[in-house]
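Presented sequentially are two complexes of chain A, the first with chain B as partner and the second with chain C.
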Partner chain A sequence: MARTPARSSSPAPSDPTSSPTARPAYVLGGNRVPFARAGGPYAHASNQDLLTAALDGLAARYGLQDEVIGQVAAGAVLKHSRDFNLTREVVLGSALSSRTPAVDLQEACATGVETVLLLANKIRLGQLESGIAGGVDSASDAPIAVSEGLRRVLLDLSRARTVGQRAAVLARLRPKDLTPNPPRVDEPRTGLSMGEHQALTTVEWGITREAQDELALASHRNLAAAWESGFFDDLVTGYRGLARDANLRTDTSLEKLAGLRTTFGNHLAAPATMTAGNSTPLTDGASTVLLGSAQWAADHGLTPLAAVVDAEVAAVDFVHGEDGLLMAPAYAAPRLLARHGLTLDDLDYVEIHEAFASTVLAILAAWESETFGRERLGLPGAFGSVKRERLNVHGSSLAAGHPFAATGGRIVASTAKELHARHVAQVAAGDDSPVRALVTVCAAGGLGVAVLLEAA
Partner chain B sequence: MTGPLRTVELPTVPPLGDSYRHALTAAAAGAVSRRVGRAGRGGATTTLPDVTLSAHGVQADAERLTAYQHLVGEPGTDVLPAGFVHVLAFPVATALMVRDDFPLPLLGLVHVANRVEQRRPLRLGQELDVRSWATGLRAHRSGTQVDLVSEVAADGVTAWRGVSTYLAKGVRLAGSAGPASEPGSVPASADDDGAGAGEATDRQPFEPPVPTATWRLPADTGRRYAAVSGDVNPIHLWAPAARAFGFHGAIAHGMFTAARALATVGAVRGESFTWSVDFAAPVVLPTTVAVRVARRDPATDTSNGIDTSTGTGTGTGHDLTVWDPRRRRPHLTGSVVPLPTA
Partner chain C sequence: MPDTYLQLVNSGPTATLAKRLGLPRPAVLRRYTPGAPLVDGPVLVLGRGDDADALARLLSGPAGGMAPGTGTGSGTAETPVLLDGWDLEVHRHPAPDVRYGAVVLVLTAAERPDQLTDPVLAAAGPVKGLRSGGRVVTVSRTATADDAPAVAAARQGVDGLLRSLAKELRGGSTGNGVVLTGDVPVTAPSAVAALRFFLSRRSAFVDGQLLAVDSTAGTLPADWERPLDGRVAVVTGAARGIGAAIARTLARDGAHVVAVDVPAAGEQLTAVANEVRGTALQLDVTAADAGERILEHVRARHGRLDVMVHNAGITRDKLLVNMAPDRWSSVLAVNLESQLRINEALLTSGDFTDEPRIVATASTSGIAGNRGQTNYATSKAGVIGMVRATAPLLVPFGGTANAVAPGFIETEMTARIPALTRQVARRLNSLQQGGLPQDVAEAVAFLASPAAGGIVGRTLRVCGQNLVGQ
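Showing the complex of A and B:
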């Protein structure tokens, strides 16, 4: 991997700029709507509706009405073709100034975290003073496409010039062409759903049902505690009568989780372990993250919460079974930390997106594996271990739900707030050492992103 | 290896539909006499046409290439996929198989193996010369096998070579003994309950590997591949037609399954490679099959491609396996192995 000389000679690991030519970009806050289960209170809300609700909540919380923001970057995974300019349309319907530029971006489940990186990098380079990153997905309001046969007929019909040509084109229509195509959640190259892919990975890494259920339970308990303590009070704006994440089960238990039927991997040689309880449900929701330079924050009376220090992307060859579909973060994070001379022990928080409980556990297992460290990561041995009390401390996608493109914004905003709070507490106790978090998000297509955040 | 010296130039590439119509007529006319011939153990003739069929100036059609690429999952480049070259050459080979002096009936032939050597890439717009001949007529446990060899050249240089092995089930060569255990027993037709190659009993029992993919193959899979390949053999089109030939339903073209597996290997296969497949149980449509396309394990490297005796190093290339996940039996096994650079 090519690195600029300026980058590779990057000095102090605690320097959040990480490059002499760049200035820091800060997370200043965030706002999302409570995440709903598909078919729930947001069933008839569009991506545009949901993202506008999250954005207007952010504008209200940070006094951005009529403000020209440098750029809004957002995206959706399940996207209607009419939403070719989704984010700009959202901005035009929001409280922000209509002169705020916008861009759409898409990277499957890593869409949200990638919008944060895009804007943070622009701020670091001086191209922007402020930005709002975001993401939205509605599994309820998903686009449905016409069949390939009907699509071809319609396209050819629009090009036909004579009545005879039109008749000939229409004559090609068959009854089955009228069956619509709902969106596929299968990997296009393998035909396997994400759950079936993860089931293979679960077997490969020997992840047990008990370990998955325990992680799911921790996710629900941590998220419930965060809601109880008011942690989300300045991170979430209620919408359509929903005030809390609807997927959260405060009353769940290991017994209840253990009683669920398995949903993925039921046809493999090894016993199935993945259930609806230790997998994320289809979810509707939207999130936003406010980013800015130190100057812009000061000008607006806002407190920087955390710097977006650096990021690394990775991809794996799942098509030929060399790695599991969702294992790319296992590669991205070690490269990211190595660039800063950090190890897992230097991190105060580790956020690993819970696509499935076994996704998190397989990544942790890979990092603890001597063989994986040597043969795949090129390290002398295992990459390291994550202390569980530092992992997904306020719950993650298993409890909150996972509206694909909205997950990155949820994690970044929550983590930045937690980093800042911890740093303030440490400083009050006379300790000014850096407080850092690693965020990883896996995505369809064998993609993965790792982000390093540091408390401001 | 080259074909017979006597070459017959085809003025145009014969449409496959005509060949199948010819074959159907011949099958109807010959049904009685052939049955008599077999029962009388006189057997089919023992010689192959001593001729190489040749077609010049064959060109790929861009529209059809696109449709083929979309169907089997190849990227839409101007390079002709190895399976598409097979499609271009297939009418010439078929023209040989419908000749009166070809000893086996076209309809009912089971495609049991296919070996392709892609020596250099062929592109859209190139004028191709196709030569086809038959060789290796031989007795098999459950009938008679034959190899149809095709070579495709551009600018006088052979760039692609394919060997398709077919089995005529129950057809006995004159003078050759039937299976010792059950002399004279003649399976009526291909049997989709057993391995098509009829050699499953000689092999180790099939252990399904860890899948890397699953393919949902709808009922019209055969009709869709027929539309892009021109191979309108009725066993692939409609269940009733397939049943008439002894299958439980319409079956996927072997070359469709093989081409999709080749496409799954992707660009890592390089520009020159061997692509070898053995077809086992037919894929009865509609169905869902399990697939593994993965880099071959150096420990179990038993290269079986053409000319791999020259050695391509261990651990290079990919193994292909397509199987029925419920009955745990293989549909296709094979490999894609880089050709040693000349």
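Showing the complex of A and C:
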């Protein structure tokens, strides 16, 4: 059984407003579509199409047709305004019962992992018996907005009553107002793209090109091996003719990666090191995670894979340059582990979302830094180091691609499956010790989330 | 691929033209849907003796149930008394000017060839006036080397009679036979169920076939419209074509379906699983642990496994002289070796013991051979041998294993055949058309039902009486 976090257990019995005693919430399975590079096989699939495909695949795998799920929580980062109720619309078009409630949630690249936490916490509190967390993003089908000038004119035009008023409003239009606004991934407060932000962090932490390429290569090799072994047979369902992650390059090598031109940090004083090979591409995809209480799982003949034990969120002040944009997980994880009396050495798996290879390497470097440990984390020394054979064991976003809101679900479902498999193998060998994984996801706006999972 | 020719000769001016020119005019077959009448029109039961009387009583008896004494009198200790009649209008003698929906020729009493004469000749008029989509079903006994020569001659004679008569029928009518082995009574569950299958629309594309009933095993359903109620069935190759039709048909008949196909077919598999309210299991059947993974899935989700349908199959056609080794091996691996391995896992699991059923998809290619298909025909003939040898292993548990052998079926696979070849291939059977995936699925559902327990290791062709092979 998973341990219950000390913080949420045993509320004071005399307090009538206290919430019910927390019980474990389990990851029971997952399903996603293979991730595709933007403009590829899913070029004409909307967020709704993609998420419906992932959800229907989940329903088929677990026999959830006509089932009233407690709640479905999902979101997208690149979202059309018409999709204000995206998740509910997806549920209505899926095999689930139309009486299944749904909620949209958004926290940039951490959207997927936050939907898992929302539902897991509700299950732990007894508000839900089951839930499906999810996320979707289509870089191909991104919304394009009209310019601010045209938008104001159109709104005023709808309020104009006379021909004269309409003419006056239209007269305000200028040719430049007709240029549409594509979605921006730049940080609104710095004007820098995520890649340029990460380039600054890369220089700050002295992350080399070679180290980044090695991590990218490991990601591709691990993901390829997982596909080859059938690991994804019950985690992924093909869509629109695509049966495997399209970004995966089984034939890549350090030589090929070393030959790529740099794409970020080209205008900095230090030599640029970030390439298309060690950064994630724009990706289309969707993922779902099935969550439930022990009772719900038993009633449905499903095996709990892992408990969602606890989580911690963090944010950094990247605007004033105190920390790099994507460094928040470096703060979230130590706080999370400290709450459970755990160190990095107590973890069997560490999943650090590969926004860029140097994001992972900078976080690892921060944890290994005495100075960072003392001055930023308030620890006596360095937080610790992660054994590479425990890091992103089945590949991560560099190889799979990164459809922003879908990444969290991909990591949580795969990690839960791996945790369960390891635990079963350990128990068979007479070892019943807990098997744990740390999952961290960085996000725009200097946000970060860390989650602790434990094999069920 | 729609059969345009079939549509043209059945409607409008082109139908008239085809008639004038004497072109073959295949009929539009009537397929089963729940609620359809068992037989369209009155049934004529011909033949003398207790067996004919018992069947006539069964067919005409009230649906609400007959008192045991008035039921099929031949019920014995090991053959349960049939309580539910089929409520059909039954005649024992041909009435003039009546167009029958079915003619049942009960020939079990024939001990000399001349004893066939009266019932067979009596059938001539009624067969001439048979309604479209009509049925002729013979009920006879197997001829064996232990029989007296005259008995064996009479019994074997039925074989030629039925196969020829089936070729003479028109208008989508079919002729098939139930052949009782040894002293299996005519009221044995599988005999009754086979008769009902042949009379019904479920057997629309089964023609010219003689199906042996080997024992009194099997359980008749409480509801003939839900013969698989509560049964858990695994169907491989379920994403498309015949496999998808099998999944739908088993679900329609009341089964919980686990739809299995390779991960690459996951999208279609999902659609099928969601449609039939079953579960999707993405699995390569050639994986060494395929059987264990199937068992693990059904144990966790349903707590049981009753029916295993081996339908997954591939073709890699080449003349043997041009056959690359992997084309040969991959066809055998998918179509045959995977089935053997999965069956072994099921049989040794201890969880496949409640009237279990294995139904495998063979092919007429495996019976008659087909140029360019040495690999495929080997695998499909292998399936026929496999079920024959597997069925006896299941008999102690009330189980059995059987195969269906589809002929030309309209699927994505046959749609790839060149157009002219395809047109010819479609016409080379008594019904002069290709079958539909549903036709194969109906035969699978019948063999998967608890009532089919007395059919042991047999292969039922679903080919419209294809001209090749038996």
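One rule holds in what follows: the second predicted complex is superposed on the first by the 437 of 456 C-alpha atoms of A that agree within 3 Å, B and C clash if a C-alpha of one lies under 4 Å from a C-alpha of the other, contacts with A are read in each partner's own complex, and residues count from 1 in each chain.
Heads up, the rule we're going with is that contacts are C-beta pairs under 8 Å (C-beta built on N, C-alpha and C of every residue); 3 or more make two chains touch, one makes a residue touch a chain.
Keep in mind it's a predicted model, so treat the numbers as computed, not measured.
Asker: On chain A, which partner's contacts cover more residues, chain B's or chain C's?
Answerer: The partner making contact with more of chain A's residues is C.
Asker: Touching A:Thr303, do we find chain B (first), chain C (second), both, or neither?
Answerer: A:Thr303: touches chain C, not chain B.
Asker: If you stack the two complexes on chain A, which partner ends up touching A:Thr250: first (chain B), second (chain C), both, or neither?
Answerer: Neither: A:Thr250 stays clear of chain B and chain C.
Asker: Which holds for A:Asn181: it touches chain B only (first), chain C only (second), both, or neither?
Answerer: neither
Asker: For A:Asp56, is the partner it touches chain B (first), chain C (second), both, or none of the two (neither)?
Answerer: A:Asp56 sits against chain C, while chain B stays out of touch.
Asker: For A:Gly230, using the defined touch cut-off, is the partner it touches chain B, chain C, both, or neither? Pick first, second, both or neither.
Answerer: second
Asker: Taking the superposition as given, does A:Leu200 touch the first partner, chain B, the second, chain C, both, or neither?
Answerer: After superposing on A, A:Leu200 lies in contact with chain B but is clear of chain C.
Asker: Which holds for A:Ser385: it touches chain B only (first), chain C only (second), both, or neither?
Answerer: After superposing on A, A:Ser385 lies clear of both chain B and chain C.
Asker: Enumerate the residues of chain A that count as touching chain B in its complex and touching chain C in the other.
Answerer: none
Asker: Which residues of chain B touch chain A in the complex?
Answerer: Residue positions touching the partner: 73, 208, 210-216, 264-266, 291-295, 318, 325.
Asker: For a test of understanding, state which residues of chain A touch chain C in their complex under the given definition.
Answerer: 53, 56-57, 59-63, 65-66, 95, 230, 232-234, 236-240, 243, 300-303
Asker: Mind listing the chain C positions that touch chain A in their complex?
Answerer: Interface residues on the chain C side: 259, 263-267, 269-271, 273-274, 277-284, 287, 300-303.
Asker: Using the touch definition up top, name the residues of chain A that touch chain B in the complex.
Answerer: 189-192, 196, 200, 203-204, 267, 269, 318-322
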